[in-house]
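Take a look at the structures listed below.
You will see chain A twice below: alongside chain B first, and alongside chain C after that.
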Partner chain A sequence: MRTHIFLMLLVAGALCSVQPAQAHHAFAAEYDVTKPLTLNGIITKVDWENPHSWIYMDVKDPKGAVKHWTIETAAPSQMSRYGLKKADFVEGMTATVKGYQGKKDPVLANGRTLILKDGRSFYIGSVGGPNDGAMPH
Partner chain B sequence: MNSVIDPNVDVVWNAVRTVIDHGKPIEHAPANDEEWAAVRHSALTVAEGANLLMMPGRAVAPPGAGSLSPGIELAPDQVRALIDKNPSGWNQFARSLQESLLPAIDAIDKKDSQALFEAGDKIDEVCESCHQIFWYPAPGALASSAPAR
Partner chain C sequence: MVPTFTWLEGLAWTTALRESPYGYPLLETAHVACIVVFAGLVIMMDLRLVGLAFTQAPVAHIQRRLFAWQMATFVPSTATGILLFCVDPLRYYRNVLFLAKLAFLALAGLNALVFHLKTYRRAEGWDEDPQVIAMGRLAGAASLLLWSLTIVSGRLIPNNWFK
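Then we have the complex of A and B:
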């Protein structure tokens, strides 16, 4: 019985876990350019993968509650061209992400700029984002 | 696109990736002949799927399908109209998609996970470039090129 309950919880957890939408859509279909945001928090996980990577970040809201944000970024190769390496992501790192909020998911964002605790700043915007000056010339 | 190319190119893209969990990198790549063969199957399916894209007059979506994001992403009949207006441009993107798969297939045959990872970027470039013309063109381009609905 204990095994059955465990399996049921496992399946339920898998069904309920938040999965980012696949990235093959227009930027404006998934993100709201009228809702720019700045997230300060702790990066807990990164999926360094094609065609877009994902940063998972714990961010405290104004009431102090921790929200688990999912942030879409550019492809790894593009971020590498702007200097960001996967080795830059270390345990417990705090960071700031500037980007735009998702239209349907309130804790989904598209990242444009990643600023690490040491002050280094990286362009992480995916193709099709707004012309907001985030991309370095 | 949704049934053949998209799910199979996801297999190619996701075959090699790194999950960095609390600073600890966990590398993922095909680990045996069977897994490499599965990725190769998907890569070839995408490349051959591009031939289907080039079939004249072929429906771009099942009957009744609409835009997933009206006003931002075109409906299938609008996409079809753009293809009919510029078939050579469409076919060039389809051939570019095929060509973008070649480095991936070469990497798979060599079981070179890093090369496969890097090949994924080029595939995405082709996809995005085509999407920006035939699926979600800029608003100005949409107004001038999309047919009346």
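Then we have the complex of A and C:
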């Protein structure tokens, strides 16, 4: 009996030590919460797919050089929930994305908010991102 | 292999599933749900073999009751797994954790095969022993370890470490 209780405590302890930040959507592993950014540019391609979608954007840096950004976003089901549709994207359209920069890859970002040219704004953040108010209530 | 995977990824039905708001999450859920039930059934048999559960029941009784259910959950687990791979083959084929999962799965299958074809064939002698023969205990312990490793590495696939 005593061994059973000991084993149960051991298992419970092991479960508690699992860090939620390192879970599937590992925002903290890939993206830097201290580096928020706003990207204004041209959408060249969108991969509207599971488990996460991707927006590819050409953005001019302060010196005027065009950088090819890759932006990770939520799954289609999550973005649809906030009203965004695959058809809202047209290749070559201008848009603004707010998000966070990648830790290792300087032209990788985690998208939080997408603002289209017509002024409509959508939450595109994936699960596990920072509690920064981007997600509508 | 890459041309085959590119072709597979470009098919209408894999594309539709990859982009679907409900189909893909449902497929993922079905995959995990089947694995959960399958693993639970396998663990009960393994615990009997290592001598931690049902030690008063003959191994054959447990085996006979669980086997059909194990197969009935293993088949849809595998089918949904193959479908998930087909939806995004280029993302998985060189993911180290995906390959590790396949390796552990193969070893777990091999362990089960050896147990059923060799050890269990001669179960008459030890079937009712609370502590079964060493080969039986070893098969149970190996099964617990290998299925656990299969599930853990599968769970870690999306983290895509060592890319």
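Some observations on this one:
Note that the second predicted complex is superposed on the first by the 112 of 137 C-alpha atoms of A that agree within 3 Å, B and C clash if a C-alpha of one lies under 4 Å from a C-alpha of the other, contacts with A are read in each partner's own complex, and residues count from 1 in each chain.
Here is the rule we go by: contacts are C-beta pairs under 8 Å (C-beta built on N, C-alpha and C of every residue); 3 or more make two chains touch, one makes a residue touch a chain.
Please read these numbers as outputs of a predicted model, since none were measured by experiment.
By the touch criterion defined above, A:34 lies against neither chain B nor chain C after alignment on the C-alpha atoms of chain A.
In the superposed model, A:50 makes contact with both chain B and chain C.
By the document's definition of touching, both partners, chain B and chain C, reach A:26. In the superposition on chain A, contact is made by A:90 with chain B only, not with chain C. Number of chain A residues touched is higher for B, counting chain B against chain C. Once the two complexes are overlaid on the shared chain, A:127 sits against chain B while remaining clear of chain C. In the superposition on chain A, contact is made by A:77 with both chain B and chain C. Put simply, chain A uses residues 22, 24-26, 29, 48-51, 75-77, 86 to touch chain B in one complex and chain C in the other. Per the touch definition, chain C reaches chain A in the complex via residues 17-22, 24-25, 28, 87-88, 155, 158-159. The touching residues of chain A, when paired with chain B in their complex, are 22, 24-26, 28-29, 44-51, 75-78, 86-87, 89-93, 127-128. Contact residues of chain B toward chain A in the complex are 6, 10, 13-14, 17-25, 68-69, 72-73, 117-118, 120-121, 123-124, 127-128, 131-132, 135-136. Partner chain C is touched in their complex by these residues of chain A: 22, 24-26, 29, 48-51, 75-77, 80, 86.
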